[in-house]
């Protein structure tokens, strides 16, 4: 995708739902309905700040059956590169933003016989949309929602109203933790588990599922982490004939975009492979932070995911 | 009509133990037992605790049946059930799946038509290719689905076969449907009625 | 567009189907050069030249009413030419929305769609239909959503669910196919369904196509062309009915090839669907007889050369073995050896 295909939206409402999370309601700037989407989809929000542009993915938490507005939840990140701060501090009711068409990399499996949803903190957002599709109860489901304390449980009222008996809360402050092994040991055949939240939570679920014998195809995860920061470096784009400087707090992809060169992207999180770029020359090492390339491909050093990966090098030339 | 080179024919491989699984469900017919014994021997080497979580459904056939059953008993399987035929085995298989948990691996060893029917049942429980291993042992005889009258003709060993539903001569194609657990049969002499290719026994 | 429909054209029995001069000129020739081999050849499905078959998302031409009638005949005899696995219902609704929105937007003289929240009213003037229904409520339509709208669109529709890193063929309205069976193939994955296609597997065409389609985006459909040949302008060349149309292949001679043999071109479109995240594959079928094709000199030369040089595996797979030589002989007088310009536009 590129920025040519964005939709203009207006911020219709903002609500502080927990000390760290703001809930934004977005309507179409021209007053029409927004595109339909499937639960688990995210939008890329393009924010034009004074100094730089941010493009952050946020899950749609609104119901796929209500298309007069999209709703997203944004957690204020402590070590932010600016995107979440921009949303929290600069965006007001009435602000205009651009968003990309929804993309779903975290959909419910349609032939699953049961869904187990595990959310940590802001990771609750994609499940809120999916619960609207699951609500008719034709397929059994349960949600396990882990937060640091009750005041950090975003959208809990909404959950309790709609899904009370299907939601189980876990508060770190009360030393309640999900019993992953117990949860994943006794699920019927055809169960799929979905996890969204911090990296630690995701890794726990993936590791536990594996040790319980689950095949990878039944374990689904989504993580919206900011691209890792690192030392500054320079890169030469062979086709554009440009040298691009990549500062510590800007990703390689963002730096290339800031220089006016477009790179196709979908998730901006190192998962989907869409931004895969060929490395033509390298004097140094690539710092792969993605989940797409195989270990062998990473070692070969012929490809890189600019959305999350970086380099430590004297010379790096990309096929862009 | 293309006869060779169709890539939707299922491909089988010798069974190997999948110690990533927590429970192991094994189905076998006749000589398939040897393949399952091999898997269990592998488990004994690399993950002996897995054997206690292995369950076997088996149809003993022919002279070496007693010996094979004896070897299964010796190896210390979690549970073993014997059946007179594939059909009764598959009935029990469905019940077992309904009580099984995520983490189960399915191993099937026997003739292709038996594998196909077992897979059809496994599909109902959303078991996918990562959870199922199958080895074709025994007759290659095929189940053929006539696209014209939608009748399945069993135990086909030849390149063409007379449909038991509509009596047309059908070409037995390599195009396979997991949902139907059958190969496609299409009228072989539509363009030149009566002109049949030589009958050959190839799925023995 | 002022479409004059020919509602009584037939695609069976007396085969009265003919292309008008306008239909001939807009025919989507699939050969940009004198040789043909597979490629993925996908391009964005964006609006093309005015009057062309790709001007709009779904092309409605002079054969619209007749094709819808033909589809009704096929379905009456064989209801299983429409099938949808239970979990594909939201994908069916997505298809209904896509087709209704497109037709109403692009052919306002023929179709109207009025929506108040989920209360919809659909008017199809060429077929004389006026339907009010609740979007998402299957009981308010006379048939399942894809069955309902599929009977009002030209071409086949195959819907694929995306899961486990693959595409699964799990719903379809298939009455104008070139020799594949929905009933047999439903439930297959992308590569299983394409199993019978020769050569392409060796070329890893399907690996690349699958990877591409898995990333297909909402709002960015793609298209490609595919082709084969048919004896008589017969739309229903299903394996099910092969006993009916198979014998036709043996009736072609170098004298009658011009009228009997038709180039059959599929304009294939692929759309990501919003609520189901599935993909719909539209296969729109265009037929032109060799005689009609030969009224365009460049096309006659090119068709002759493509057929003469066609790879034997493709001749076999496309079912041309019995009559390819007869068609080449019929076309030969039109090929004076002159060069043809690249691209498909008539000179």
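Each chain gets a letter, A, B and C, in the order it is written, and its residues are counted from 1.
FYI, a residue touches a chain if its C-beta (ideal position, glycine included) is under 8 Å from a C-beta of that chain, and two chains touch if they have at least 3 such contacts.
Worth saying up front: this structure is predicted, and the values here are computed from it rather than measured.
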item: Relative to chain A, chain with the most remote C-alpha centre; value: B
item: Identifier of the chain whose CA centre is least distant from the whole-structure CA centre; value: C
item: Centroid distance [mean C-alpha coordinates] between chain C and chain A, Å; value: 38
item: Chain centre separation (chain A, chain B; CA means) in Å; value: 42
item: Distance between chain centroids, defined by C-alpha means - chain B, chain C (Å); value: 37
item: Numbers and ranges of chain C residues touching at least 2 other chains; value: 164
item: Contacts with two or more other chains, residues of chain A listed in rising order; value: 109, 111, 217
item: Residue list for chain B, restricted to those that touch at least two other chains; value: 128
item: Residue ranges of chain C in contact with chain B within the complex; value: 80, 164, 181, 183-188, 191-196, 198, 201, 239-243, 246-247, 249-250, 316-317, 319, 322
item: Contacting residues of chain A [partner chain B, same complex]; value: 109, 111-113, 184-191, 210, 212-218
item: Touching residues on chain B, where the partner in the complex is chain C; value: 1-2, 5-9, 128, 145, 147-148, 150, 168, 173-180, 184, 186-187, 190-193
item: Residue ranges of chain B in contact with chain A within the complex; value: 20-23, 97-98, 100-105, 125-128, 130-131
item: Chain C to chain A touching residues, read off their complex; value: 87-88, 94, 97, 136, 161-165, 215, 217-220, 274-277
